[in-house]
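In order of appearance the chains are A, B, C, D and E, and numbering begins at 1 in each one.
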Amino acid sequence: MIGTGSAPSPFGQLSGPTVRKVKDPFHGDLLEVSMGPQHPSTHGVFRMDVTLDGEVIVKLKPVFGYLHRNHEKIAENTSYLGSMPYTDRLDYLSSMSTNWAYALAVEKLAGLTVPDRAQYLRIILAELTRLVNHVCLVGFLFNDLGTSFTPLLYAFREREKIIDLFEALSGSRMMCNYQRFGGCRVDPTPEWLAAASRLVDNFPSFLDEYESMLTGNEIMLARTQGVGRLDPKHAINAGITGPVLRASGVNYDLRKVDGYGFYPRFDFRIPLGDHGDTYDRYMMRILEMRESVKILQQAFRELPAGPIMDPKAKLRGFRPKPGEAYGRLESPKGELGFYLLSDGSPNPYRYRVRPPSLINLTLLEEMCLGHTVADAVVILGSIDIVLGEVDR
Amino acid sequence: MSPLQLCLLLSSLLFCVGLVGALARSNTILVLLGVELMLNAANINFIAFWRYGPNPAAGTGVLFVLFAIAVAAAEAAVGLALVIAVYRHQKNIRLQEANRLKG
Amino acid sequence: MNLALILISVLILGSAAVALALRNLIHSALLFVGCWAGIAAFYLWAGAEFVAFAQVLIYVGAVSMVVLFAVLLTRQSDAAEPMNPDSFSRFMRALVAGGGVAGILVGAILGTPMDVSTAGPAPTLTVKEIGGQLMGPHAAALLIVGLLLTVALLGAVVIAAVDRPEKSEDAS
Amino acid sequence: MSVTAEAGTFLERAPLVLRDAVVQWFPAPLQWLAHHLITIVAILAVFGVFFAFTTVAERKLLGRLQNRLGPNRAGLPWIKGSKLFGLTQPFADAVKALTKEDIVPAAADKLLHFLAPVLVVAFSLMTFAVLPFGRNLIPVELDAALLYFFAAGSATELAIFMAGWASRNKYSLLAAMRALAQVISYELPLMLSVVPVVLVVGSLSTSEIALAQGGWTFGFLPHWHVFTPWGFFGFLLFLVAALAESNRAPFDLPEAESELIAGHLTEYSGFKYALFFMAEYFGLTALSGLGVTLFLGGWQAPFAFLEFIPSYAWFMLKLIGMIGFFIWARGTLLRLRIDQLTRLAWQFMVPLALINLGNAAFWALTSGWSGPLQFVRWGVSIALVVGPFILLGRGLNGGRGPRTYRYATS
Amino acid sequence: MLGSGILKGLAVTAKNFVGSYHDPARMVTVQYPEERSKLPENYRSFPLLVCEDAADPMGTLRCVACQICEKECPPQCIYIEKSKDKKPDATGKPQLYPTVFAIDTSVCMGCGICAEVCPFDSIKMDQVFEVAATDRFTELLLNREQLAKPNSYYHSIHPTEAAEVDARLAAARLAAEEKAKAAAAAAAAKAAAAATAKPAAPAQPPSAPPTASASSTAPAPGAEAPKSYSRVS
């Protein structure tokens, strides 16, 4: 917070007791502002140390770790199954996807196969999660843009309907703890499937209304177009994934690249942006939601009957053979991966998460430089971070 | 003492306060404000003479004050723009240091 | 009647003197606002309503904002100006000069007999009359002032503008 | 303003009659004082209550816009289970604000920190003095009323600056800078949007402007300024500038919640915060009242046959409508960025307001045209409004617009 | 034209404003303490311990203190102490029982893994979500008396699941009975074979469980067999 305008001393570091001169932070050309960890729009306990020239950002340092919970170390001291509920708490807006990513890694490790019905259920739930996540993100983005909660509450209204479905299926709204190694925990009832299918059919009309309210809004266009550009080369170098990468025009979606689960059976397209600015990142979410609706409709049509668990799967006394596995999938925020190293004991020997939000956050400064404080908040909102995942 | 004399005393004292400020301070903004005060003192005179003068209906004093206010506003705008320009150059606004005609 | 005038005078002179003596520029700017408001009160007292409102609008509403803006934009400056012997001697000289002028003026005012009718009611000048005067006999002055203001505005913008290279991708 | 309304129904005259009756009770030398005191008390009482219910109306209306219920719990504390649709919420809020601890930051400029909320309320209340609330119902009849209004109104921004600066908080400081930039930018369009009315009516007096909009064509087309091309456009400009001037969304940059936490209000709590809140609504009400007076016919009834309803009721109805619109806009719109805000003012609103001034001059000059020339008059006037709007709007938009996207299928 | 997007937005909010008065799909608010939305059957909050008899909860706990849940609990919020002695449960079979069974609900995250891994269908998930307390050290640490809920309560919150559990238990008990019967028959045959020389009293039929209704039947010994993985397939 101190001494922004001062140049380094020409004499280098002087020995002897140094008198720390406390400068009034209100003087000087540059203003250092610590935005967060208690700030309305840092999406949790995230902090940006911002140096401002007027309102223009000349330096931005993201600071995180306020929500560090030792997730990976805890997982190494817990049974494989016991980590499943903890993965809910990584990206708490899309726990179904996170569950699946972890299950994917363990299934690879233990060589389990997943029955067809469970594969479809996983896709249904992952895409519903994508809807939940994107609809939340868009709502929060508009809050950062300065609406008085209206778009956020519309988004939450729809999210609530999906979350209610999760609750009816898994018993919890957000901490679903639904996927199991080799299948899913609960088989949905026909009524549940009918309700979900109805909701998905109604979803496009909500998106249309939402878009007519905001996408063409002149203030929205002025605030987001050309703001926070990210060029594809930079993005690839930094390992950015997910909608943020695709907004920069790079065609990389693990659903197509890896074709995990039954995604190759589905007919969907990957929207790509050309500008890589905040508006493109917003539109990526909207367009992905429309594609997700298509996937969901196809999944509800084709959902087969049958078991939902691999009969080989063991609930108690689960000890995979020694070995390692990396399971990854396209979570709503990007490439979410779990790396597991087994030594044959009930606990993983090494457990590592590749959190997409953390890696997407690394280029925040590049995107924000030269823009104003107001834009920094919006750019942060458009990256879509969840601090549970960033800090782990 | 007549009210006119009181007004004139107010005006002349205000003028002198502005003068002392403009001469004594080295901060350019304050010098500018001192000059503004002197202008205001003159305006007070105009109004006083319009009020107690022989022909208030003509309103010349009022009109003159209006013009003076307009000019003073223009002066303030340009003056403060100059202050900001000076600040950009020498990172302070001490009048004594603004002695170069070239940046 | 005179009591009100004296009160207003004390307000004006006091705030002006304190404003010029203070080291905190924001405080002095705000005190100047008080001083200008006092002058507006004087105009009201003298019956020049229109001028009083114009004074408030322009000085309190506009000039003060510009001054505050300038103070904030030159933020580093107000830590400067230490009370060194140089500035002290300048202050003394200024005080002498100001005092001298004040003495001469006060002497002249008090020494001049002014036989004006003090009891007369305040003359009224409606907005319409002022407008008529402005558009009639003083039309030329009005035009010139308009021109002056425009030129001053443009000049101020040009002087204060930053010569930063135009960023093409900046959202405009 | 001791003229009692001689015409009109009893309801129309009631406030004045009441006031004169009360004034009679005072000894003659104090009657002028009583007269003004009663006016002040009446304004404080009416608009204090109005403010209280505006807050609850805003919350309920915003709630409904957002598919929520809004506050609906606060009832009468001594009646168990009473809810009264939450209408007593503002009083509960007031009690809360009064009993909260008043926190002053250690580094704050104590005097200015204290003065700011007091001044902001005082200045925003002063603007009510020149609003004609009804026929002959104006607190102070001033010749230069509009000038007074803007003079008093522009001072509130100064108080906001004081609040922001005195808090010694960086967010507050940024807010103070924003408040200054905003007022410098929007004072001009606001006044320029009002000048056409002054030009056409030929007076700066608000009561005369309201009076000039009386009368109807065929008994149902009121002669309000908003029903002329220049008036409609001036009204739009006025609305935007008024939103900016009263720091309401989408121009609430000084207290931008998502960026500056609460801007100049960050370090205020308890009753001082409530005072700022009050001032914001007073300012909004006063500007709405001015808009009603200048463009929406003031206290005039919309139809001739509705004239039996007292004039002040019409004024209040229009005021409520304007405030409702402001709340609606707040519930919908996004916040502008500070550079976009100033650009909108200087590149769009000021030129348009100047063109509109010319338009109004044309309207005033051609007031004698009749018959088919009337259509020419309307046509030219509308063209003068729409053409520049489209041209300048295109420039302001800067080529931004919805985009089309490509898809990858593999 | 400039402003058309803003007008569209205003139209949408106006539509929502009107819709909030008549359209239940838009106005989704439930005024909570007075109105309550129905909890789905699968909803879970915190664990409970199923007992057979509400009158004697401690005597008829299904829990046999096997400590699997204690081991599997991810945040390790369960604490169990086994009894030294064996106590006959409702069926009369001597079993261990927990002398201490405590769950710290301030640590519990309600994941439901304990209920999933319990082989005795003894620990299940409750649906109580109004668990506010004024003291986090005493009131949130639930002991076995507070955790024990009768089977009828379990039926009231998870009817489908409870019926399945009861059916499974009944089947297991039936199987056990048949096994016992077969064993008894075998024994009887053996005895008969042995007793051909000396005809004696007829073989005793296996004793029926004291209560016949399935819902209040304790798990027969055979129910200890590992449960199939998918509970509701």
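We adopt the following convention: a contact is a pair of C-beta atoms (placed from the backbone, for glycine too) under 8 Å apart; a residue touches a chain by one contact, two chains touch by 3 or more.
Just so it is clear, the model here is predicted, and its values are computed rather than measured.
**Q** Quick check: which two chains are joined by the most contacting C-beta pairs?
**A** More C-beta pairs are in contact between B-C than between any other chains.
**Q** Of all chains present, which has the mean Cα position farthest from that of chain B?
**A** Centre of mass proxy via C-alpha means gives E as farthest from chain B.
**Q** Taking each chain's centre as the mean of its CA atoms, which one is farthest from the centre of chain D?
**A** E
**Q** Report the inter-centroid distance (CA atoms only) between chain B and chain E in whole Å.
**A** For chain B versus chain E, the centre distance works out to 87 Å.
**Q** Averaging over Cα atoms per chain, report the distance between chain B and chain C in Å.
**A** 5
**Q** So, what's the distance in Å between the C-alpha centres of chain E and chain A?
**A** Averaging C-alpha atoms per chain gives centres 35 Å apart.
**Q** Report the inter-centroid distance (CA atoms only) between chain A and chain D in whole Å.
**A** 43
**Q** Give the residues of chain C that touch two or more other chains, as numbers and ranges in rising order.
**A** 50, 54, 62, 66, 69, 76, 78, 171 - these are the residues of chain C that touch more than one other chain.
**Q** Which parts of chain E, given as residue numbers and ranges, touch two or more other chains?
**A** Touching at least two other chains: 2-3, 6, 9, 12-13, 16, 26, 28.
**Q** Which residues of chain D are in contact with two or more other chains?
**A** Those would be 65-68, 173, 177, 331-333, 340, 397-398, 400.
**Q** Chain C touches which residues of chain B in the complex?
**A** Per the touch definition, chain B meets chain C at residues 1-10, 12-27, 29-30, 33-34, 36-37, 40, 43-44, 47-48, 50-53, 56-59, 62-63, 65-67, 69-78, 80-85, 87-88, 91-94.
**Q** Note which residues of chain D are touching chain C in the complex, please.
**A** 109, 112, 142-144, 147-148, 150-152, 154-155, 157-158, 161-162, 165, 173, 176-177, 180-181, 183-184, 187, 202-205, 340, 343, 398, 400
**Q** Taking the touch rule as given, give the residues of chain C at its contact with chain B in the complex, in rising order.
**A** Touch residues, chain C against chain B: 1-2, 5-6, 8-9, 12-13, 16-17, 19-20, 25, 28-29, 32, 35-36, 39, 42-43, 46-48, 50-51, 54-55, 58-59, 62-63, 66-67, 69-71, 73-74, 76-78, 80-81, 87, 90-91, 93-95, 97-99, 101-102, 105-106, 109-110, 114, 116-118, 120, 122-123, 125, 129-130, 133-134, 138, 141, 145, 148-149, 152-153, 155-157, 159-160, 162.
**Q** Which stretch or stretches of chain D touch chain E in the complex?
**A** For chain D paired with chain E, touching residues are 61, 64-69, 328-329, 331-333, 389-390, 393-394, 396-397.
**Q** Residues of chain C touching chain D in their complex?
**A** My answer: residues 26-27, 30, 33, 49-50, 53-54, 56-57, 60-62, 64-66, 68-69, 72, 126-128, 171-172.
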